[in-house]
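Take a look at the structure set out below.
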Amino acid sequence: MDLGISDKLKPLLAELKGFIEREILPLEPEYLAEIGVGGRWQFTARQTEIMEGLKREARARGLWNFFLTSGEHGSGLSTVEYAYLAEEMGKSHIAAEVFNCAAPDTGNMEVLHKYGSEAQKQQWLEPLLAGEIRSAYAMSEPEVASSDATNICTSAVLEGDEWVINGEKHYISGAGDPRCKIMIVMVKTDPQAPRHLQQSQILVPMDTPGVENIRPMQVFAMDDAPHGHMHQRFSNVRVPKDNMILGPGRGFEISQGRLGPGRIHHCMRAIGAAEKALGLLCERAVSRTAFGKPLARLGGNIDIVANARMDIEMARLLTLKAAWMMDNVDPKEARIWISMIKTAVPNISIRIVDEAIQMFGALGMSQDTPLAGLYMAQRTLRLADGPDAVHRMVVGRHELRRYSGEPEVNATFRDG
Amino acid sequence: MDLGISDKLKPLLAELKGFIEREILPLEPEYLAEIGVGGRWQFTARQTEIMEGLKREARARGLWNFFLTSGEHGSGLSTVEYAYLAEEMGKSHIAAEVFNCAAPDTGNMEVLHKYGSEAQKQQWLEPLLAGEIRSAYAMSEPEVASSDATNICTSAVLEGDEWVINGEKHYISGAGDPRCKIMIVMVKTDPQAPRHLQQSQILVPMDTPGVENIRPMQVFAMDDAPHGHMHQRFSNVRVPKDNMILGPGRGFEISQGRLGPGRIHHCMRAIGAAEKALGLLCERAVSRTAFGKPLARLGGNIDIVANARMDIEMARLLTLKAAWMMDNVDPKEARIWISMIKTAVPNISIRIVDEAIQMFGALGMSQDTPLAGLYMAQRTLRLADGPDAVHRMVVGRHELRRYSGEPEVNATFRDG
Amino acid sequence: MDLGISDKLKPLLAELKGFIEREILPLEPEYLAEIGVGGRWQFTARQTEIMEGLKREARARGLWNFFLTSGEHGSGLSTVEYAYLAEEMGKSHIAAEVFNCAAPDTGNMEVLHKYGSEAQKQQWLEPLLAGEIRSAYAMSEPEVASSDATNICTSAVLEGDEWVINGEKHYISGAGDPRCKIMIVMVKTDPQAPRHLQQSQILVPMDTPGVENIRPMQVFAMDDAPHGHMHQRFSNVRVPKDNMILGPGRGFEISQGRLGPGRIHHCMRAIGAAEKALGLLCERAVSRTAFGKPLARLGGNIDIVANARMDIEMARLLTLKAAWMMDNVDPKEARIWISMIKTAVPNISIRIVDEAIQMFGALGMSQDTPLAGLYMAQRTLRLADGPDAVHRMVVGRHELRRYSGEPEVNATFRDG
Amino acid sequence: MDLGISDKLKPLLAELKGFIEREILPLEPEYLAEIGVGGRWQFTARQTEIMEGLKREARARGLWNFFLTSGEHGSGLSTVEYAYLAEEMGKSHIAAEVFNCAAPDTGNMEVLHKYGSEAQKQQWLEPLLAGEIRSAYAMSEPEVASSDATNICTSAVLEGDEWVINGEKHYISGAGDPRCKIMIVMVKTDPQAPRHLQQSQILVPMDTPGVENIRPMQVFAMDDAPHGHMHQRFSNVRVPKDNMILGPGRGFEISQGRLGPGRIHHCMRAIGAAEKALGLLCERAVSRTAFGKPLARLGGNIDIVANARMDIEMARLLTLKAAWMMDNVDPKEARIWISMIKTAVPNISIRIVDEAIQMFGALGMSQDTPLAGLYMAQRTLRLADGPDAVHRMVVGRHELRRYSGEPEVNATFRDG
């Protein structure tokens, strides 16, 4: 169970770190400062120039699409190897996109790669892999507890050669981006079927008539423009029969395949975020003085630093092990490990970001440090892709089943 | 040590609750929806109409200036009695202002009431008590750890009959409000004096030449407009010699007097916020279904509810006791109790708001519930008026001194 | 809601503190050192001399039976007043017995006082009130989850004029004491009756044939001799029909009446224990040196002290409020408050004792400080009289019922 | 960084697990039941028969001295490999001794192996490796904070060809065992030398005149007989000059070499203990019924199980990584990892044992489950070999040094 940085990864990781430090981070403030200039839901010319320039350069250097570990387009990396790269990306707000490794595109590309028809791949996977368009995943609904995916009730009914979709989805991340051209939508196709065969996943181009942006959802008062987390209404949205992925009733099956990697990516980026926050915390602690001493020497601050270091190391190792399980064991077993990291890691990263905020005082909540943004991103993670409670239930039941002999209940929940 | 609701308070509390529920809360959404309409740093006509109408009505009913417990303008309430009223105000975003009990005006009015000259009272206290103008308190500075107030370095130098002020302050809460006419500014008047005699507090009208709004500071991406938390530069700001409060070198003495009540108000409003969050959490828990059961029946949710209830009760009792100490013992002793609540209470209210967010899922972070706003307000409280670490130091040192016999070091810190 | 020390209590509390400090604590080490000398389940002549001498003196001074707040034998104290006395007793291992205020006698005396027949009172209550005998309460059974009292299955069957009892009970506290003459035993008298009318409470003299001491139960390797926590078997134990308290099927009713006071006493003594531990911790922190500084100045130790102080104050206030509710509101409402303190307080006292152990290093676990004993006593409290989980359930359900409108399920559980 | 079970380890681990399950665990209750029979500080004939029989069998099968990873007597295992074996041993009270892998012998054997002279090896290392005698390590002193090893003040003065030792040591683990023949004693040889060159380690046979057993120290009321944790006085104890290990003033150097492995062993056994506790907890949760349901379905119990599983996995991975660092990097760097596990792991194992106790109710604290014993062992570990606070200081300082550029202060502390 090698969880280390492989010889193959070493130069790639070094190049990626260098690229982030030398090419991306210096441009990031300028990029971020332009958000909202000229309208919240569009990019400025300068933003486009920065992002497309970085993408071009990254792709030219082969720093591209790492997340896709296998297959013809695959990077050939293991999930463990990719995890180290994702951690680095987690230290920058825009790096994941630069390397074409940003959610929700990565999950969508995986779905299309694994389950898409040739036509679907050609039409949507190719431009996504090339970084030419972006995509969204519409799963969560305002009216039902979407953490239990069987609650989903947006309907798709086959009329002739078309599926007709009606319903509402919210928190569709990325749907605000003008470059977002395609959505995968979780729909209910057969309410009479057995509980896990009622759902399907279907491709809906963003410009399909009947798709309406109601409003951007906020996350702690941020709209995350122009990426956005949209609330949309689907009113008699018609898409060709062939837009169905894999076939009706197979929505869960697809979710299961999509589940793992995205969560590992999230968790590794969370560890990058925690490292970034701890670094800022330490810099502050050694440079800021109060009551005649550097903050590092006051009260329990050194304990805060020590606990953060231990927690990060444990979180990273657990995530690497989950990645290794993903690479090496049956997905059913790996699933438990993924639920473990999905619960444990964001709670750790939040705590560290929160301590960093406290060490900075008012500045920690201000626009002058990235901490407030990191906080919101980590806090969101405790809800996105299934709240803690659901993942804890998965882990707890699995453990108890070893003693009770009961069959495991299939907990099916949100993936995005 | 009567911590209960006195007979005298009972009808007043009932009237206040009724007023909030029947008059304020129904108008609150409309008021809040107009924030930013027509510019972030001004009020719309409708907002003014709502707020001034409510204030007029409240004042007419005698629901006004409760916070001022003693003196000719005093309500005659004890701090314990006021605490119960403050808790109710904490359940609404705008109620404190409606009753002319909003920070930082309350602290400023107390300072003027206690330490102001007759002329200062006439010019500034009167219109503040009447709710005609608003005010700000400029303490924290960007370049130094302001939790240690001796670090403050904005200077005031006497030139003839004028004090000339130079420096920068930030997180000046309320300074964005167009009705804000006056600031109390903490300045350093004598860098050579003993450590706690270097500072002074001085009145600076907002429109004094040289006072420059650099930018609004954000709190977790919110600018809290039009109230605002401003970053200002003071460049050769000249105010008359008589604007000094109490006299040069007495800044700390004033701070000490200002310390207590504001923190008790904050903490009682925090308890109101926690009650509001717990109420929302419970409503959600009994009405939302997942995995075939109401959320209340899933996993550890009932424990979350029970722990919240216990924590709120303990936090409330501790705050009431601190209020009672404020009313009944030497301020030096009461100070320890105030540091206790200032540390303990916001940590409890944050945890409860956070659990409520988790129970709501994505909606908990959205604009559709008040939880994200409550979260930010409570989180801010762990930093405002001295961070946890400083208050914990005060409490811990006091306790240890009983065993070591050492004299207490005067921890002097931010008040706002 | 006066939670303070009343004028009436003031001199009594002062006398009690003085008596503990001057009369009891100096003799305590000698008393404790004799435990086990000459056999674990008996007292030495010196122990008897010490204890009976102290009791005689205490009784002579009127420091006796405070716990009985009302009735002809009552102290006339409110529960709030008694709580302050109980806290002081919690700082000594033997003080509660000296003042005839030790569990389980107090609960048994309350039961006999409230529900006993005249004959029962004369035979058992009188000598208990006089401190001439001791008693036990047999509730918990080894084979069932006794936290759900409906599980109790020791049976009592009426044969002629006698009840015939069969079954096993364990953790019968105090049953090892040679002075223990009487037990109240919870039995099942009618398995066909409605769930809460199946149980009864019956008086069983310790020397009744068929009552067999199987073994002393340990608590963290301590047998707590000669008090002891016995495991007993009841084999065709015959007692007169009149030994039934109140009547068959009224076991729960009696439990409900017994519930409250005992738990308040436990919690107040727990606060005394926490104060004692914090005092020891602080003394150590200021007097012990490592790395060139007193421990108090190292790492987060001052925060540990501060948090302990705040937690104690909150725990004490909550317990006092529960006591006040006991005195002033309907027992059904007071019950919720008692469940709150029963959960919250021991968790706080354990944490503080644990921190004190850590501050002392190895000595903290040794026989040279009282900390290990305090730890075990506090840890036991999280299980005795209903585990945390059951009390949390009571509190959580009560809270949620305000929103769901569901009738409260009667959680009935162990009392002892 | 392979943290998995190597191919080489696989059969050995299987054999060890099988041996523990089939040979040791069935005899363990009988062995433990004989403790104290015929005197607390000796073994019964049956105990000797059991232990020596198991040792003979274990040694015959090559399940012997695994802990010694290198050198002529070495098992050839890496520390990572040994860690997996130690975890299994942690599930039994006596297994470590059966395989000759019990503390403090292991640390003493390592010291002799690494630093002993040929004569010292022959006289003491040989019989220890053969399991013929046992040993102790005398470090901690009652009068000073021994977590700061420079405080140690037992003196050794050279008189002619002999060192003359005077002082007191306590918590000398294993010194109660009649088979314990030799102690390594930390002494101060040169109070004038630089701070880290004042100490030395010296071999003292147990039967040397002047070595006096004052009393057994207790750990939470247990004396852990006949192993014991002795308090000894050294009064003019004379040992030959050659009993000094490595030379005067090199006590710290030896400690540094001894530090790592023992702590890794402790932590891996702690993980075994946590696994055992979690297993018991789960068995109880699925088999015990209250309020009409198995405990596993009540309240937050499933969350407790899930959190325990996650924490164990994180603790194990961190320990395995520390072991890997031990095998692969400079000891100075490995030291930080060892401080991390020494803090993080026992806190996790304690929490899990504590939850298991709570799930069992009173039985969890009784002699009928191994939980109370596990609790005490884990609690002790937070103090033994340096308390949490010291290890946290090591980790925190190391982290901060990356930002401050300050040289690391040499934290030197207790090893045992």
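The letters A, B, C and D name the chains in turn, as written, and every chain counts its residues from 1.
Just so we're on the same page, a contact is a pair of C-beta atoms (placed from the backbone, for glycine too) under 8 Å apart; a residue touches a chain by one contact, two chains touch by 3 or more.
Chain identities (UniProt): A, B, C, D = Acyl-CoA dehydrogenase.
Bear in mind the structure is a predicted one, so any value in this text is a computation, not a measurement.
The chain with its Cα centre farthest from the Cα centre of subunit D is B. By number of C-beta pairs in contact, A-B leads over the other of B-D and A-B. The distance from the centre of subunit A to the centre of subunit D, with each centre set as the mean of the Cα atoms, comes to 43 Å. Subunit B has its Cα centroid 38 Å from the Cα centroid of subunit A.
With each centre defined as the average position of its C-alpha atoms, the distance from subunit B to subunit D rounds to 53 Å. In subunit C, the residues touching two or more other chains are 299-300, 302-303, 389, 392-393. Contact residues on subunit D toward subunit C in their complex (touch as defined above): 140, 142, 145-148, 151, 170-171, 217-222, 288-291, 295, 298-301, 357-358, 361-367, 372-373, 375-376, 379-380, 382-384, 387-389, 392-393, 411.
Of all residues in subunit C, only 1-5, 278-279, 282-283, 285-287, 294, 296, 302-310, 313-315, 317-318, 321, 340, 343-344, 389, 392-397, 399-400, 402-404 touch subunit B in the complex they form.
Residues of subunit A that touch subunit C in their complex: 299-300, 302-303.
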